[in-house]
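Next, two complexes with chain A in common: one pairs it with chain B, the other with chain C.
Entry: the complex of A and B
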């Protein structure tokens, strides 16, 4: 079968599965609806992997492009370039693990609702796969909103409690507003070019010179995508949503959804705005670099100061998104491929860490680092997984997160010499925060932390998500994080993965090749590129950041923070006010900042 | 065709954002979000407008008659569907919040901070 014909199925199969579950979920027992959900998710994963293997084989050859229904003018176009297909495969595989993880996870739902959770997850999967595969700006907006709406619903899934509702509302309002900004930008581009496809808009723009309208469109489109990517100052929704969402949902939000925002920024820039009719490379590099550096520093600082484990991991996601943005900002194939590998590794590691926190939540009904002190000594397996996750997060070789970090920092170092130091610092702080929590919770090292003065904070008293508190840990709750960490390790070690990612990055940044492939059906050969590979400096820097993480964690548990340091962070923490109006105001400020940073783009 | 619809669209977006920032009631806030979205309808329809154009329905008009751009109308329809979904879901969350929390004032929701 023609590979291109498989592309619509990657989006349609999970939607079909969701429809089946909604239609029959009232009559099915829990076990059957879980199996149906898993089967549809796994079938989608198989399809996405098939597309990836056919599109990703080395050597010249075109990647699949499907015009659904044969309407080429304003039709629905899906493009299976290796990076997009790879993301769709990552999404689908993570969805399968999440469904396996939640097998024993949620308390028995009311009898007539058994299908609702797997159905929502399947719609979420369809939205994310569609966003990764689409070659059309307006369809990207529709998939963006689809995954957004499902994510709000999943965040507030436990409607009996006030906190998830509050987090879901902030998430929904801020993300939808960002989505509408994107739509305004898309409309401006349509007004200028009369086209909606990435490739078509790009070609038309290059026929004329850039001007204020193109700049406004870029700022508006990028604002919405950066909201999804949780870049500072658009990030405020993320910790609130992640802290309250059910653990399996957190695994998806942090593991892939936020990264899809970064992917969207990169995709739109390279296909639409990178030509002579768009924005110049130095301007975009400056804008994304400033936002990326702000994001990663703020995320790392806030991550270190958390005691609510899910918020800690959420801020670590903010910090890593900043690093991903920096990798995209350098605008080289190496930056893209390094970041792509980093995203792959990070997805496995972060999902595994959330899975471990889920076990703690269900056994002890809290995710508070201080309350859990030394209580989880009885769970050495979870402790080992948590510690390995913390080390992998800090970029320890040979995990894929380590190789991706090494390749991305190498690429970033060519743009500015101090950027690798930032990668090392941020990885060390976020990994160190996880290790610190692990040392306290699973080993009971150091003194019991007391009450700290230092501005507002969220403690970790939560309701368990299983029927009662867990006694024995069910197998899937341990097997899933172990498998995710093993996958992250394997992706870093297998050389074929790195070379495939390198080729994907080169094809991704080849604007002319993309347009010729989509519009003219020409075969695209990957331009010259350097795939991510282990180098001595990368290994040493990875070992350095892992060692720094261990040192930071040990210091932190031995000597609790001085009030001075806590007071230093208090103003930053006060910004995270939990107030929707504040978050919206920050969104507008962020859009203004983005405009100021890119305004010299009008030549 | 005047340029008036373009500043109007910008104004509607900004007035909705202003309402969101200063809102003291979550139902009002969701309404403001719907207001910001209506700016996208205005912009879409303004972009597709042709002077002297009629509705792009050829059942009772000659096929060479001057019509407004049908693409933006399809986009606006999709946009309305998206907006209805978002508004309905957010309002449902607010209703549930009122039941569990006893308030719809965003200033009173202070469990998540720092």
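Entry: the complex of A and C
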């Protein structure tokens, strides 16, 4: 079949699977519904990979473009450019691993609703794949909302406790407000241009100069996407949701959903606003760079201060999202391809780390670093995986996270010389926080931490998510993190991956080529590009941040906690208050900040 | 953060937002002047497929893929509600009290029920030729059933509302939409392409796949809303929190299920 014809099927197949599971879920035993869920997810992954391989073929060529329903220019277009198709494949593969991981993980699912968890995950997969593949702004909003609705339900999945519902509620309120901002921006663009497709809106905007309406549309659309991406000051929902969501859901939220927000910002900018009728490059760079730097610094600082392992990993996701935003902000093909590779590597590593935390939560009913001190000595395999994950997170070569970091920091270095230092620092701090926790929990290194410090927001009393302690750790709970880390390693060392990602970045930033391919059906030849590759500086900086991470971790476990530093961070920590009103106030203020940063763009 | 600080942050942000939005509104095209470029194309496209309700054509033909997403949002919202409002381990279920209803109220409600149900089905069936369609008609039909709660009591409503059937109906509506799209692919066309004969303009059978997709959405919305309301009503009428033990416990509630088994047995 024509590759383009496959694009809508990447969305349709998981939806069909969800419908089958809901219809038959009452009668099927759990094992069967899990197998059905895995089968539909795997079929979708196969479709997405097929699209990716056909679209990502090197050499001159086009990528598949499909007008759903056959309505050229009037309907909705799906675009399988290598970056979008690659994200759909990443999402699908991660969904398969998450379903395999949850196989033995949950206690008995809701009775007579055995299919509900895999069904929700399949709809989540459809929403994320649709968001990655669509070439239509309103359609992207529909999938944005779909991702949200499923994610709220999955976050609150454990209804026996109040905390998951509170986390899900904050997540729901903040993300919905972001969604309304995006919708308002879309209506402005539609009123001006009468179009909803990225390529069509962009062409129409370029007919006139930029004005207040274009600026407002950019700010509003981007606000919603940045809420999903958890950029400061829109990030507050993320740690609250991650702390309470079931571990397999965290793997998807942190691994791919948040990154799709960054992808959305980049996609909308490059297809709609990058022409003469959009916003000027320096203004957009400034706006995204400021938010990215704030996000990454705050994320790293908060990550270091956490004892609750899930919150620790959640803040590390915030920190890395900041780095991804910086990679996008430099507005070069190299920045995009480096960041894309970074996202690939990060997804595997972060999901693997969450998977390890899930094992701890099952065995010890807590994810508190201090309470777990030395208790997990009996789990050396998990400890090794956790440590490798921490090192990969800090950008150790030759993991894909390391290569992506090296390529992104080099691209960022061309914009501002101090940015590579920021990449090294943030990777070292987040990786160091993970290693510190690993040293304490799995090796019992250093002094037993005291009980005095740490408010309720940093400690980690949690209910186990499995039904009673599992006797022996089931194979999937160990195999999944190992496979994810191996995949992250493989992506970093296979040169074909890097060259494909380089080509994807070049096609992604080729605005004219995108519009011609979508609207005129001309083949877009990949512009000249240099794929991300290992360079001496990159390797050295990667080794440096890994060494710094190890040094920070050993220092932290050997020396007692400074109360001075804790007091210094207290105001920052108090911002994460759990009060939805605070989060909404910050969201509105963030939209205003984004406006101020982009305002010269209309001159 | 104190309430004062929160208010200030919000006010500063809102002021900035207001300036931005005012600037955008000034640059909007003037009201009712130029024919809208999309409107012109959409009307032409709708008429070419013999669909007299252009909005239905946009929803179920031109942008049918959006509607698939929107239908799925409702589908997953209902699924999420079923999961979140399931009977927790420490809750138990009590039998709803029979209610005495004035005969006049009962007669009126039953009459309205029949009319409302008919209107709902009519609105679903005529979506392609007159305002309405699966979403609107589905909500009307689903709420019509709940007039039974007013006409009789909750137990009567439960009898006409076998939830299993409605959950299957909801999934079937979702699946039918996807399968209609896939059928077009098997017929050698694009996903969700309008491959059926278009019929005569303004006839009930006009519009090709538009009435089919409308019916799928109608089935999904009717069943989905029934399941959704059932979950909320169960919480309000039947499920009790651990402390609030005034009636005789019907079920110790340690199953972690929805209590449907007991209901079906009853």
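As a working rule, the second predicted complex is superposed on the first by the 593 of 603 C-alpha atoms of A that agree within 3 Å, B and C clash if a C-alpha of one lies under 4 Å from a C-alpha of the other, contacts with A are read in each partner's own complex, and residues count from 1 in each chain.
The criterion applied here is as follows: a contact is a pair of C-beta atoms (placed from the backbone, for glycine too) under 8 Å apart; a residue touches a chain by one contact, two chains touch by 3 or more.
Everything quoted here is computed from the prediction, not taken from an experiment.
Contacts of A:138 after superposition: both chain B and chain C are touched. Once the two complexes are laid over each other on the shared chain, residue contacts for A:167 go to chain B alone; chain C is not touched. Contacts of A:183 after superposition on the shared chain: chain B is touched, whereas chain C is not.
Of the two partner chains placed around the shared chain by superposition, chain B and chain C are both touched by A:149.
When the two complexes are overlaid, the chain among chain B and chain C that reaches more residues of chain A is C. When the shared chain is aligned, chain B comes close enough to touch A:243, but chain C does not. Within the superposed three-chain model, A:82 lies out of touch with both chain B and chain C [touch as defined at top].
Of the two partner chains placed around the shared chain by superposition, chain B and chain C are both touched by A:584.
Of the two partner chains placed around the shared chain by superposition, chain B is the only one that A:573 touches, whereas chain C remains out of contact. Counting contacts as defined above, chain A residues 74, 138, 142, 145, 149, 152-153, 156, 159-160, 165, 168, 184, 188, 190-191, 196, 574, 577, 579, 581-582, 584-585, 588 meet chain B in one complex and chain C in the other.
Of all residues in chain C, those touching chain A in their complex are 1, 6-7, 9-10, 12-17, 19-21, 23-24, 26-29, 36-39, 41-42, 45, 61-66, 68-70, 72-73, 75-77, 79-86, 88-90, 164, 167-168, 170-172, 174-175, 178-179, 181-182, 184-185, 189-194, 255-258, 260-261. Interface residues of chain A, counted against chain C in their complex, comprise 5, 8-9, 11-12, 15-16, 18-20, 22-23, 26, 66-71, 73-76, 108, 110-113, 116-117, 119-120, 123, 126-127, 130, 138-139, 142-143, 145-146, 149-150, 152-154, 156-157, 159-160, 165, 168, 184, 188, 190-196, 211-213, 215-217, 219, 574-575, 577, 579, 581-582, 584-593, 595-596. Residue ranges on chain A touching chain B, taken from their complex, read 74, 138, 142, 145, 148-149, 152-153, 156, 159-163, 165-170, 172-173, 176-177, 179-180, 183-184, 187-188, 190-191, 196, 239-240, 243-244, 305, 455-458, 573-574, 576-582, 584-585, 588.
Remark: chain B residues 9, 13, 17, 20-23, 26, 29-30, 33, 36-37, 39-40, 43-44, 47, 71-72, 75, 78-79, 82, 85-86, 89-90, 93-94, 96-97, 100-101, 106-107, 109-114 touch chain A in the complex.
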